[in-house]
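Next up: some structures, all given as structure tokens.
The two complexes that follow have subunit A in common; it is paired with subunit B in the first and with subunit C in the second.
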Partner chain A sequence: MKFGNLLIAGITTGSIYAMFAVCVSVWYRVSNILNLAVGDFAMVGALGVDNLYRVKGLPLPVAIITTLVVVAVFAYLYDQVVLRIAQDGRRPIEGIVITFFFTFALSFFIDGVAKVLFGTDVHAAPTLWGGPALTLGSLNFERAGLLVLACAVIIGGAFWLYIRFTLGGKALEASGENSLGARIVGIDTRQYRRLIFIGTAVIAALFGIVESPITGFTYLSGATISLTGFLAAAYGGFRKPGRALVAGLFIGVLEAMLGGYVSAEYGDTVLYAILAAAILAWPRALGFESAVSG
Partner chain B sequence: MNQFLTASARALAWSSAVASSRAARQVPRGGVPSVIVLVAGAIIVLNYGLLYTGSVFVLSACYAIVTAGMAVQIGFSQQIAFSQSVFFGVGAYGVAILNSHLHMSVLLSGVVMVVAAGLIALLLGSVVTRASGLALAVATLMLPLIAVGYVSGTDFLGGPVGSPLNGTLWPGGGSTTLVALGGGLIVVVLLAAVVFIASRILSSDIGLELFVLGVDERTAAALGVRTPRRKLELFVLGCVCAALGGVVYAGTQQFVPETVIDPTTELALLIMLFIGGRRSPIGAVIGALVIQYLQGASNWVSVNILIVEGVLLTVVLLVDPEGLSGIVQTGIAWLRGKSEPASAPADLAAAELAGAELAGAELAGAELAGAELAGAELAGADPPAAAVAPAASAGRESPDEIAGPDARDATLLEVRGVFKEYGGLSVLHDVTLALPGRGLFGLCGPNGAGKSTLLNVIGGSVAPSSGEVIFAGTDITRRPPHERFYQGISRTFQAVHLIKGRTVLDNVAVACLASHTASIVTRIGRSRLDAARAKATRTLADLGMAHLADREVSSLTLETQRMVELARALASSPRLLLLDEPASGLSEEQRQRLATLLVTLADRTCVLLVEHDLALVAQVSERIFVLSGGHLVFDGGPADFRSSPVVNSLLVGS
Partner chain C sequence: MSATSGNHSGNPSESGVALAVTGLSVAYGNVVAVHDATFAVAEGDACAITGPNGNGKSSILMGVTGMVRRRGEVAIFGTPARNGDVKWAARHGLTLVPERRQLYPELSTADNIILGCYTWTRSIGKARRSDAYGRAVDLFPELKPHLKQLAGTLSGGQQQMVAIARGLAANPKILAVDEPCLGLAEAVAKRVYDVLAQIHAAGTTLIIVEEAPRRALTLCNRRVEVRNGMAGAA
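== the complex of A and B ==
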């Protein structure tokens, strides 16, 4: 049952990628900014809960809620101070490259603060659903993995339903497609940008809390998480949370299979080579052209 | 006639004044920045070379060599490729291996590795630079990830431990002092050379091409920029600079740790570039210095370096997206403004208004000129005619010389049985038409009829699914847009595609570059930008727009922007001019001015005009084509066009 267990492992990692990819692509859809600080919010969530619960001795629910509130407030302030000056002023800063670097800078800042607050060691939030792995025949299901997958499906699905079927979702889409046009027809694009930024930051933090028992986090883990989320979002065409979810799962499974069947050592290297080749072969099909022109 | 003469005389006077003022503030092409780097660098190395400060400076100079290349590739030309850390590693590890295993001297192995890196980049680049924009960024993002996997997995490069060197960059050996100072000086000289080369390229005609490439690849191709080649050259240039940085890093640090190839190195380099000023090589050097000094400060700053870098980057980008170099430039401009007599901003605003009014006057002059032209030609060769007709005066042989007096009748463009499908959707269905060497031809049709697609097929930015495009007797169906441009096909776009952030003169000069056969390297020696600008100045003067030459294009009104775009299309003396809705957004009066100008042009070239304004089309065209749902449904003269039931039901809508 090597294949089955590899598949389970792949889906677990894949749902981690998928979750962050959804956060990246939803906010890109509304703001045309690629958020590379998503992983850092996840890191803050995990290490924040660990710090409050283990070091400060707060009860777990209080620790989780406090951490999420702090993340939300920080995201709100960042939007109010930096993004407002950058985008709502007389000379809005445009272009995917420059805005990209604002989130780079945010990522650096969060990491630096986390280093001061949480130190440099590997920590993780306590497991929310403890106990031995569930088995089904010869297949092993880690409880944390199941929790991650459930979160990915629920939150990804909720975003998909929201964008697809609600008026708010349509307004959100309009904000990203044509910000000026959306504002003319009465959509407060800034409010959507703020709402989704805070929302994805909190979701990322929550996801960090759920996911951290599997991998463990240091103050520098954010960049790696953001990178995987960014990649999965890229292969989902950047604007499509549904496709990002699928792409994340696919990359996770492919990674597990390459690690299991090709080479444990160079599996990732082969994975990246395959991913690069895919972009060069089918840029249009993967949605890169539309992402650029839009 | 008198009015016209006054207008053209004024235009000429203006253009010569512009030319002389331009010549007066001719910027030294890369001389000053590289001399500053050389002198300041040498002073720092000689004074502090043996101290900690000096070692930090030399390290930052190693990174600055990389970031100066990135300023050309990533900042200026907007080709985002994450290949720097990998090629930095290629240079550094290559020197370490050649030096410690094969006992080659550091200097020689450095030369070998830079050449090798150039060849590797050429191979790799010919694959990855097929991608554009984000696809290029994501594809090359895999390079550092792959490289890290390889280096940490193999013992050959020392794995996580790293790779030591036996030799030093300074070839002579000798005392530690001599080795440290000599090595530092070599780095400074190389850095100054890279800054010099980068500045020379950016200030040349190819620099203008690269700027356009960075703004919009498709527009660049339509203006004759050989985009695939430029993209490959940029990739190789960036990689060679990165490898050179790696070589001197290994030579001066005498040790290559695994971290050089880590993706965080790539991030650090990007942050240096964006803090310093993404478009300016000297800015990139400043960025590298600032970041390395902060990191090496060994106080609270370096302890909390992530917070400091995050805040610094945010603040700098908020103040000016062009980074520290942008802030410094603004500051210099502000100081100069202060030293001049007061209320400079008010004067500027007033001048702009006056300029706008003048623009109206000049366009009226151009109209007059058009009217005069007809008379002038009747009367035989008259000097003003030569001054007005762009095709005759803007250099290059006029169509008459090429095709002889029968040019009006000979077929210039033939579109044969062209089909275009997107997925299952048929956009063009069996379109066949032929145009002679001169005259004005209208192309109409409802929205989505395939008009712009047909222009794109002729211009080369869209390949037809089947069918042929024949231009001047040769099959150009598979030729890229830039080749068609140089064969004499020129176009404007439905939405104005001017290059923001550049002057009117430069926007027109893009079409006069004729640099398609040149490579980036040849422009280090000699720039053809001034020649192109002179030609553009003439074209602008011919159209009565000389006074607009120094204006930044986004400050102009829509009509003037469309006129600039037209001027750009005319500057290359095209044989076929494709105009995509040039009148949209213009007032009735402005349309009439445009119509007069178009009629004048049609006397010398073949103009294909896509337009929704049926009255305008019927007024100026000698023959009109109507597309509907991808089918050519009408082909005839203006009289038939007005009375045709097909046209009426399609376009007028009963």
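== the complex of A and C ==
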């Protein structure tokens, strides 16, 4: 049952990509900024909990809550200080600088602080649901993987319900679509930018905590996660969280299948070649043109 | 430099003042768009703000509704309005239907309209059940088949109607409409004005910005003429 197990592994990895892609695209919709630091928040979540629990000896729930609160407060301060000056001042910064630069710099900043605080070794948050893999026939389900999937379904579902069925969710979409039109009906676009930035930072940290027992994290792991989330988000034109989610899952499954059937060594190379070919073949269908033309 | 508006019909309205603007100035950086404009609109009036393009008509509405910061005093039904606070203005009865519609193209028509309710509620259920939303949708039977369609795929005339409907969903006492017929065919423009007349007849005070006064004055009983950023009697 090689196919089934590869599929399970692929969906698990894919759901991680999907979650980060959703975080990137939801915030991009509101702020027109690509969050290149989203993976670094995941890294802080994983290594922060590890540090507080294993090194400092705090009880696990306290370590998790403390880490998430620190991430939320940090995200709030970053929005209040950096993004407010950059975007809300008398002369707001526009274009490529605001789209990339501020979160790129943030990513380096977090990496630097994490190196000092957590060192350079591979660590992971403790497993939240320990025990042997669950089996169903010839299929194996890792418990950590199931936990990741459950989190993805719950958080993804909550996002979907919020956007689809609440006025606040529609206001969020409207502020990304047309910020002038949003202000006309009294939507505070800055408030949504702040809210979603903090929200996605905490979600990313939570995912880091849940996922790190599978892969292990170093202070540099954030960049890779951001990049994969960024890539999957690109397939949704950075503006369509639903498509980004599907793209994330697809990339995860494709990666697992290529690793299993084609070559473990060259799997990633083939994967990126296929992804690039897909963009060249169907730029419009994959949302790339809308990303370019705004 | 300031001047009060003229009264086109010659009959000052006997009811209260809906909107009083005193010494309004709006500037974008160093460029002054509106200089020291003073005028008042009585409750139940339909007031046209006319003048050539680029003379500051839209900036008057932007300043009055709080979309841009201003100098000078604005009072809505006697209460001094907060500077730069769109939501405050909307909650006190003044809503803007902006130039070029400013819709959300990838949201459905129904979502575009219902977001007008955001000025007074956060509950989508309350918004859907509200009279304001119901009236806004009922006023445009031609939009009914398109409620689930993306607003960006509607025709220009339909989009203008969605913009007006969104404004009505905010439940305004004063509706300020900026260039409602920009780029529309004559027949569609006539339909837009028919609807505006209906809204006015239902008791809503109207302020209409128009480059060409001819059409506006079929409906409006007052007129403020804007030239070079200065409002004056016409």
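Simple rule for what comes next: the second predicted complex is superposed on the first by the 291 of 294 C-alpha atoms of A that agree within 3 Å, B and C clash if a C-alpha of one lies under 4 Å from a C-alpha of the other, contacts with A are read in each partner's own complex, and residues count from 1 in each chain.
As a working rule, a residue touches a chain if its C-beta (ideal position, glycine included) is under 8 Å from a C-beta of that chain, and two chains touch if they have at least 3 such contacts.
These numbers were taken from a predicted model, which means no experiment stands behind them.
Student: Counting only touches as set out at the top, which of subunit B and subunit C does A:Leu60 meet: first, second, both, neither?
Tutor: neither
Student: Check the residue A:Gly186 against both partner chains and state whether it touches subunit B (first), subunit C (second), both, or neither.
Tutor: Only subunit C; A:Gly186 stays clear of subunit B.
Student: Tell me the contact category for A:Tyr266 with respect to subunit B and subunit C: first, second, both or neither.
Tutor: First partner only.
Student: Return the chain, subunit B or subunit C, that is in touch with more residues of subunit A.
Tutor: Answer, by number of touched residues of subunit A: B.
Student: Look at A:Phe165 in the shared chain and tell me whether it touches subunit B only, subunit C only, both, or neither; answer first, second, both or neither.
Tutor: second
Student: After lining up the shared chain so the two structures overlap, which partner does A:Asn178 touch, if you call subunit B first and subunit C second: first, second, both or neither?
Tutor: second
Student: Can A:Val246 be said to touch subunit B (first), subunit C (second), both, or neither?
Tutor: Neither partner.
Student: Would you mind writing out the residues of subunit A in touch with subunit C in their complex?
Tutor: 165-168, 170-171, 173-174, 177-178, 180-188, 239
Student: Please name which positions on subunit A make contact with subunit B in the complex.
Tutor: My answer: residues 82, 85-86, 93, 95-98, 101-102, 104-113, 115-116, 223, 227, 231, 234, 238, 265-266, 268-269, 272-273, 275-276, 279-280, 283, 286, 288-289, 291-292.
Student: Could you pull out which subunit B residues touch subunit A in their complex?
Tutor: Per the stated touch rule, the residues are 78, 80, 127-128, 130-135, 138-143, 145-146, 149-150, 153, 263-264, 267, 270-271, 274, 278, 304-311, 313-314, 317-318, 321.
Student: Okay, in this complex, where on subunit C does subunit A touch?
Tutor: Spelled out, the residues of subunit C in touch with subunit A are 65, 67, 86-87, 90-91, 96, 98, 101-107, 111, 114-119, 121-124, 127, 166, 170.
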